[in-house]
Amino acid sequence: MPDVELQIVCCGAALLERYGNVSSVVKTQGYSIAAECWSTIEGANLVTSAKETGVLLQDLSATLARLAPDVAVVCADRHEVLAAAQAASYQHIPVVHLQGGEISGSIDDKVRDAITHLSDYHCVATKRAAMRVYGLTGDYARVFNTGCPSIDLAKQALSEPPVTCPELGGVGPDVDLSKPFLVVLQHSVTSEADQAGEQMRITLEAIAEVPLPRVVFWSGQDAGADAMAKEIRSVRERHPTQTFHAVRSLPPIRFLKLLTQCSVLVGNSSASVREGSYLGVPAVVVGGRQYGRERGLNVIDVGHDVKAIKTAIERQVAHGPYRSDNRYGDGTAGARIARVIAEIKEEGIQPRIREASSR
Amino acid sequence: MPDVELQIVCCGAALLERYGNVSSVVKTQGYSIAAECWSTIEGANLVTSAKETGVLLQDLSATLARLAPDVAVVCADRHEVLAAAQAASYQHIPVVHLQGGEISGSIDDKVRDAITHLSDYHCVATKRAAMRVYGLTGDYARVFNTGCPSIDLAKQALSEPPVTCPELGGVGPDVDLSKPFLVVLQHSVTSEADQAGEQMRITLEAIAEVPLPRVVFWSGQDAGADAMAKEIRSVRERHPTQTFHAVRSLPPIRFLKLLTQCSVLVGNSSASVREGSYLGVPAVVVGGRQYGRERGLNVIDVGHDVKAIKTAIERQVAHGPYRSDNRYGDGTAGARIARVIAEIKEEGIQPRIREASSR
Amino acid sequence: MPDVELQIVCCGAALLERYGNVSSVVKTQGYSIAAECWSTIEGANLVTSAKETGVLLQDLSATLARLAPDVAVVCADRHEVLAAAQAASYQHIPVVHLQGGEISGSIDDKVRDAITHLSDYHCVATKRAAMRVYGLTGDYARVFNTGCPSIDLAKQALSEPPVTCPELGGVGPDVDLSKPFLVVLQHSVTSEADQAGEQMRITLEAIAEVPLPRVVFWSGQDAGADAMAKEIRSVRERHPTQTFHAVRSLPPIRFLKLLTQCSVLVGNSSASVREGSYLGVPAVVVGGRQYGRERGLNVIDVGHDVKAIKTAIERQVAHGPYRSDNRYGDGTAGARIARVIAEIKEEGIQPRIREASSR
Amino acid sequence: MPDVELQIVCCGAALLERYGNVSSVVKTQGYSIAAECWSTIEGANLVTSAKETGVLLQDLSATLARLAPDVAVVCADRHEVLAAAQAASYQHIPVVHLQGGEISGSIDDKVRDAITHLSDYHCVATKRAAMRVYGLTGDYARVFNTGCPSIDLAKQALSEPPVTCPELGGVGPDVDLSKPFLVVLQHSVTSEADQAGEQMRITLEAIAEVPLPRVVFWSGQDAGADAMAKEIRSVRERHPTQTFHAVRSLPPIRFLKLLTQCSVLVGNSSASVREGSYLGVPAVVVGGRQYGRERGLNVIDVGHDVKAIKTAIERQVAHGPYRSDNRYGDGTAGARIARVIAEIKEEGIQPRIREASSR
């Protein structure tokens, strides 16, 4: 099996302090960055989402022409990822797509499927996703069920030391993370961006009625994020005596460790259904953001309703941790994906284009 | 049925003189242009294809935010069209895609299917395309087999006066278009852009061996176009006594009329299989660019081989015109598409996004 | 004198919540926005400054082509303004530049002079600026000393009701604004962006030694802003018993009113020397950001040194308010500028380009 | 004197076949290209000029951040060059500007002076230009009169073998270049872009009345170029029996050699006044494009008038070659510029920004 050389291109939010500075994390782990593409346009609304994809596509076109990789590996379903798949596929650089074939109930579905169609090889996370990608592309030999790399991290997290409050950073009163507490992580649903603030308000109001300390994460960078941040600041002022500890972000593995410690994960993060199913985290999923995504028994779904959210949290607190579920992988996805890339390189990588000569 | 107001956005090659200045044609027909997006980056290579999509996406993001249409109508499979579908769908403007679901044997397939996934409604050209879009999107109610608008034009062309040589413009000796002649229209295949010049050379060499006057069109704007133009200039110099009349472009309807007059259409234009099947034009399709596209009996496919091309041309000259074939429509697509848009507007247009509330 | 119609194009930071949402302020005052150009790239470093100018120039090119104004009015010296002057002048739209000819001691000087050279008419703020623009362009008839529009606002501020603490918003303990207090507003100097955090730390440390409540503004959007924000958060935690009230922004006129109420304005804002000279605000200017700018007697300049800053603040507290100084205008600049534009429109606006026919 | 390492960034037209593919020429001469920035937007009008500057600025921002040069060397006055100066100066990379301080009578003047203001060191072509840059920047120590590098080439051209007709390439009847002939090179004046076609028609009509063979160059890439190309094609058809040989371009040194062979250079190329003064080429400059540029005795200026152009050509034919004039340099500019860069590197390169610490 041939060696594979890695070139990392960091784009958009991966370069930004307020989203955990993934670029620095990568460097800290001993990898070098082949290129940085600053592309996030401030405003976090629907226009800037579209426009920043254009900025990124313009930049990545030149960057990929310069780096000239054998394959481009892209992951998941953000709009920036479609730009990467375009820059590569328009230049006939074969694209390996991770985490295609899933359904999650928002515009992400459209973008994810569009990326699948621009891609040449597919390393999917679940059996159902494999079947769906096969259905879309009709090319069975290029679909590999490797499991999701996020489960590799989840597995590692099991043997990590517990997260402590000082490690969280952020603002607000201390939380003793060796005792029961809630974690809240709720993102904006892009098709409901104008309701993002109100949705956050409802979740926070429900949380306020459960007598456990709360670790609340600021939302990601999509349209609506500013309104959600406003609600977090507001709930802390409305309930000054309650414990709301607001956190920017944690390194992914530490975040997963935190999930193994919490009583319930509340919100609409994909971690509820994804790593959560492997880690057996009791989760309350609010609203439709994970609609359509495969899930284990650890999840209770509720609408944007204070009472429903509160009741579901109470049920999960009473239940406690769930058994581990392997549907998103067994913690060996990284090695399997590397093997897929090495093997297709050995066989001669081919873009999925029907050639005249094959007739 | 409600009225539908039309806003036309002209982008990329539609603004350029050397591709027939579609923008001017549109204005001449009495329509106004709501926005012009200059985006074509000179160079016509794979990097510029990717990069100009980024330029266009940046521009269209602001343009669609400003125009705020109820639906965006996009057509076919060029990389620029994916930018339009992104700019609209990221902003939750429902997308109506024309001519999706087809297969034509190049990167266009990937782009066309990616556009299908970003789109919400589909007006397809054939029964087979309808089935394929349904297979990809799983939503039967949003797929409409309207036929292809290009067949509407083809139908109109039947009642047009014949094209005469002065109308062609261009350079080279006169051709009497009321007598037998060949038309050559060959585009670069983007996945074989480096061979585009050689492929053109072979076709022109075959043509040179058939004793009929030749009307040769300059190629489109894709990577490889410059090399092909060089071959056209070169063949004219190698065969100074033969009739090679080189033409920039014709208004679409006049081009279709010309096809009804010619003995054989040679090259790889989609007009061979598309309007050609309706018009019954004897066609020789060279190479794989139309591979996978549905076709009628009027087409003979050959590889890039001087002798094969020559033989096929001779067979088509001997056969003469074919019977009309309706597989791409019966000439009423425009009216049907307008009706689809009016009806979906009446019903309340919805992006194809699974909503939380619909659960 | 002909009427002048106004079209407002809001770009970059003018659209962003965290810089006071100038766009909304404009709408609130009854003006409509002709176009919005989202262009600020997150990261606030030197690369993003350059790149976002490119994004803006790309967008403004199309925007000005569409709006087709008789003249484009641009103001001051930010890098975004150079993009506006380019988009206009390359399209032969005459440019009226406000606040040219000044010197302020950073890259702004280069950008401001570059804008002067792309401009056709100049409405400057001071007599010295008029002489300098004349020196650069050699065209006396196109230079108008109108005074600075910011002084118009300063004049209005005099008759406004006082600012109260709730109006400030922001975080931190209440400040009684009818009693003595300090205002701190310090921006990053782009050529010293890597020292921005340390410079802010020094200023805040000096402030902490003066026994007056402090109203501290978050810095603007330039490279280094993130590091400065970190220092503001840090000083509040190091001195939990002191009054540091941190404020995002105020509407300009309210900010100027606040200056008339404070004991001393500390930092490097141009308001110290500009509106401050008209309003007679005791000011301590820290570091070189205003170096070269004309100033009245109300300013004491100091280096980045805790002790020097502290001593200067104490001197200004002891001195109290200064007499008004008209060097930046007398509060009628807006009307004068409108008149200049109306008159040049009447005379026939001409780009400052030497024409062949004029020889 | 320290060594200087060269990194070449090829942008815009330098990458395009139809402008002589400078990029290939550079590689042929043994240099490697550090980066290629495709940025020319097709259309050649005022909007695309502005927009492509934005595309280039976006790209160069990332490119210069990656290459991190000690100094950026930029040349002359095209709008693309302003983008390069912005990308460098905004990132505090000192800029060395060649050929600043001149006056040539179009928007180029504005752009050239704007570049001067963003630049830190100036290697100018003439004594008068040195004085003008000093007047603009006020910093004598950073202005170096090195002469123009184009004169180095002109000097080399003197010892080259003569150009022959096959070397010209292009289309049209053969011209015996050892006998008297005219050279025509006329560009669009951007402020008169809509008249570019008509201006070219007039020049070509005048040329047609002089009984000498004509070598006509296609125009550059500015707005109006398409209209001018149309006129060249048209004159060849109107005068089928006359010798109009149309040429795309020559390598610069061969073009200069050609000038030493021709009877008269007609048009508005800067070569008339620049290299022409050193080479003593009889020149007729049509229109205002070189207005304001220093010139030797070899130039006769005329307006856009058939008769005036014809008369001036006849006078120059009668006069024959002029004496060499050194006002634009003596052929050693390249070496002098390299020495300036090496010396400023040795002294410690500083951007021209007034620092706080220097007070």
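Residue numbering begins at 1 within each chain, and the chains themselves are lettered A, B, C and D in the order written.
The rule we apply is simple: contacts are C-beta pairs under 8 Å (C-beta built on N, C-alpha and C of every residue); 3 or more make two chains touch, one makes a residue touch a chain.
Predicted, not measured: the structure shown is a model, and the values here were computed from it.
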{"item": "Minimum number of chain-to-chain touching steps separating subunit A from subunit D", "value": "1"}
{"item": "Winner on C-beta contact pairs when C-D is weighed against B-D", "value": "C-D"}
{"item": "Centroid comparison with subunit C (C-alpha atoms), farthest chain", "value": "B"}
{"item": "Distance from the mean Cα position of subunit D to that of subunit B, given in whole angstrom", "value": "40"}
{"item": "Where subunit C touches two or more other chains at once, by residue number", "value": "36, 38, 47, 51, 55, 58-59, 62, 65"}
{"item": "In the complex with subunit D, residue positions of subunit C that touch it", "value": "46-47, 49-51, 53-62, 64-65, 79, 82-83, 86-87, 89-92, 103, 105-107, 109-111, 113-118, 135-136, 189-192, 287-289, 291-292, 303-304, 351-357, 359"}
{"item": "Subunit C - residues contacting subunit B, complex", "value": "35-38, 55, 58-59, 62-63, 65-66"}
{"item": "Parts of subunit A lying in touch with subunit C, wherever the complex brings them together", "value": "15-17, 36, 38-43, 45, 47-48, 51, 55, 226"}
